[in-house]
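The two complexes that follow have chain A in common; it is paired with chain B in the first and with chain C in the second.
Our next item is the complex of A and B:
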């Protein structure tokens, strides 16, 4: 991303293209476009404010955030609460760091976690199976176009297959996990940047999900997926740092002190 | 003329820790207790009062014996003075405000190790006569209290819809419109609120913001 056609906005547009099959199937199976539109207005309201106050360029990634929040937010939560949660996530998760690409956590994850912890009495959404199937073309497109990490997807898939074979994962959890993986975890701005880090991040996401599924009674699948993606995104800098440290140590052992 | 000068000096010592030199939001001192006891206004007020009293008395005592404290054991002496005062305050709270004392749990005892108290006795009271030292300590106690009250009132208002135990916002359970934001009663919300408060203050008083650690690299286009 140093020049030419590969700018931040190119990446955002390609990601949007990857999400289109999932978005289409979500709307087809009864998704509320009005919620998505409301979230979109709030996100771009804040982006406009930061553009005016800090000369921070707005980004198309706001559409991705709006889309993710609209799909995964608790149902019938009402516009005021939604606005509060989205404002918190977008401002504290993304815009204060300097906009998309400089953030450490995904603003959609922060918004959803805020809504989940703040208003625990609202029901989390459940998804129809075809929406989750749309995650496969989304990941395939993303990896093919180079905006998502293949290692991340493979790491998650391997652990998921292993856990399913052992009977530790359930169909409804896998559906929620696939959607949350595409919308929250695979975001290239906050995903791991080293190869091993990406594998470990994917594995950690599914491992946490399995743990929650086994030990967290009374939690909805989407709630577990959101919590797992929040914890994973907090661990990502550590995974990257550990990978780099291991690489430096290996080189030092192989080539001496320089 | 001298009297006028000294009076403005006293006024300045008392008021500058409220906003311009606030110990919590500028120097980030004593935030451990500021985050822990602000779930309601009542605990925040009690903690503020306890800390202000301890801080003022400790500064006065340290300042009175400042010529006799050996340099090598000064921290021990200061901590002994602060700890004795804290024990007295704790006993008074347990005797007369048993419920609040239980709500504050260990945090009254932890005033002993509050860096704000030790910071003021070490940095100011050790070098100044008793009256200015106590005024400075009282001002810092008020600055700490101000932050605690702001955060405590916000958390109680948004988390329960109450202020000091009186219903302010009509709750949805009782037919009103307000749904309590239970996140506000959890510890992370105190971090968010304190961060937002620091951000707001430093946006208005730009001289409080810290210098940037590194300059971002200039923008470059790759030439082919």
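Our next item is the complex of A and C:
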């Protein structure tokens, strides 16, 4: 009869609102808006092509992807390499699956992984502390509005606190982890959809990051965060499926059927 | 019940005018007899146009289950009998006249089989609804549990306590009767506020739930406490109907009146009133409706169907302004808005709460969208009907798509497993 507001585009708008403090502090502390604009053009160029070729609705989530790639991409990589990486990530990571909401891995994560593996000689960015601080209101807003999973944030926080207390994580890694968590891991379309799955995903992200920090010699914090995001995203379907299997088994034991 | 369970759900708010305080009892000048929801039923019509019928008199019987009868909700004259091809019932319209009442013999209702016969002959049977698949139960079906819903958490629902005011004894009698029909439990589900006084002696297990929708939804309650499955059906019935059953057993006459609530943006005033099944919604809303074109729905603001007559399970009538025709848009805007494939859903807390945090909402909605029968069954689809996902449909702005997907999958599973 009538419709509510929680459509795909509402969620994208709310996520953008959550990212605003982080974006503003990134620009304030020397972020390159021209890179963000270039990435935005490439993302929406592909979205337009898929709109015309496959009648696939474009989404505001493209702005989030552009923002994440612009913030986390290797520095001075050049427009051509950047275009190649973003095109790969957006097309192969999102659009071929049917757009945002049907994708398995965050397109920004795929783009950044492609750029990292394809052009390893370029330096990964380093962030000022206030940019990472802005991740806190982003997560708080996201969880409060229900567009980010609170379990995901809590799972990551608990493991991060434990690892920090043990001295396995240092400040620069935590800064990169906070930013990558907000921009890449907390994407509701690709995050775990079950309660335990979300806790496990958050914990796995920080656990992988800790492992990389201890064992990956010479890797930059952002590089480690991107790699951890990619591996965590790939593990999400397994975590969800395991949670659902346990849930079904519990119900079968209690009720004899599901 | 823990804090998280009690506070699960949403409180959707719809604009509407203030409600009149009086609760009149209205018998409309016209009424209709229709088959309950589900596939069209093949019937043998027992009356012809022009016949006079008493309230509660059988007007049609099912061809495949002759014991199950459809009865007249008011006394009057048969105006029209409309059948679809294959002798499937469309509607039997009655004009009100007189106040004759049909009385049933309740002497044989002491045992389960006699009670079943009485419930079928008196027209009570269509008020029962079975899960999985929906619709009324088969003649010989024995449920594994019966859910009695004593509270309605849907927005715009009538006051459940008022509906049962002064009827505790009838309710107890009805609950006792229902307990004869199942080998399992009878669950009486309600909120703290709507719990009738002195229900202690009734042979049922009381389940208290929160006030947020869809906690009072029969599907969510069924999923939580007694999941339905193929071969293990669960029935659900409204507490007001159970009180009617108790009264039928006491007096031999099945009451046809029920408390309903008329609400919606298309009204000058909302109103709660007592009326009968199959009541003429146009007459009920005539003095309440605001000037201008409106649409009337039988059922709630979330899951109502456009209708002119009050449906068998419905306790709500929604009146909303008719949507004006949209003007032609630019082709690019149309291309951006109208896609051949539905836009995917994004899992959020709103979706989880729209299913009462009772089951994995996002995997279920994704399974429905993908037409994954096995996945959806595994996640509890067989306990649910379209109306249980109406809030999720509304919250996600899907405009009926999720409800249609539920019906499509249930029909497919029914065809594969039962037919």
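Here is the rule we use: the second predicted complex is superposed on the first by the 253 of 258 C-alpha atoms of A that agree within 3 Å, B and C clash if a C-alpha of one lies under 4 Å from a C-alpha of the other, contacts with A are read in each partner's own complex, and residues count from 1 in each chain.
Operating definition for what follows: a residue touches a chain if its C-beta (ideal position, glycine included) is under 8 Å from a C-beta of that chain, and two chains touch if they have at least 3 such contacts.
Since the model is a prediction, treat every value here as computed from it, not as a measurement.
Among chain B and chain C, the chain that touches a larger number of residues in chain A is C. In the superposition on chain A, no contact is made by A:210 with either chain B or chain C.
Of the two partner chains placed by superposition, only chain B is touched by A:114; chain C is not.
Contacts of A:47 after superposition on the shared chain: neither chain B nor chain C is touched. Judged by the touch definition given at the top, the superposed model places A:81 against chain B, while chain C stays out of reach.
In the superposed model, A:4 lies in contact with both chain B and chain C. Within the superposed three-chain model, A:92 lies in touch with chain B and out of touch with chain C [touch as defined at top]. Shared interface residues of chain A, touching chain B in one complex and chain C in the other, are 2-4. Listed in rising order, the residues of chain A touching chain C in the complex are 1-8, 10-12, 51, 55-58, 98-102, 146-147, 188-189, 191, 193-194, 240, 243-244, 247-248, 251, 255, 257-258.
By the touch rule above, chain B contacts chain A in their complex via residues 179, 181-184, 186, 192, 199, 220-222. Residues of chain C touching chain A in their complex: 12, 14, 226-227, 229, 232, 297, 301-302, 304, 318, 320, 335-336, 339-341, 343-351, 353, 360-363, 377-380, 394-399. Against chain B, in their complex, chain A makes its touches with residues 2-4, 81, 84, 88, 92, 96, 114, 117-120.
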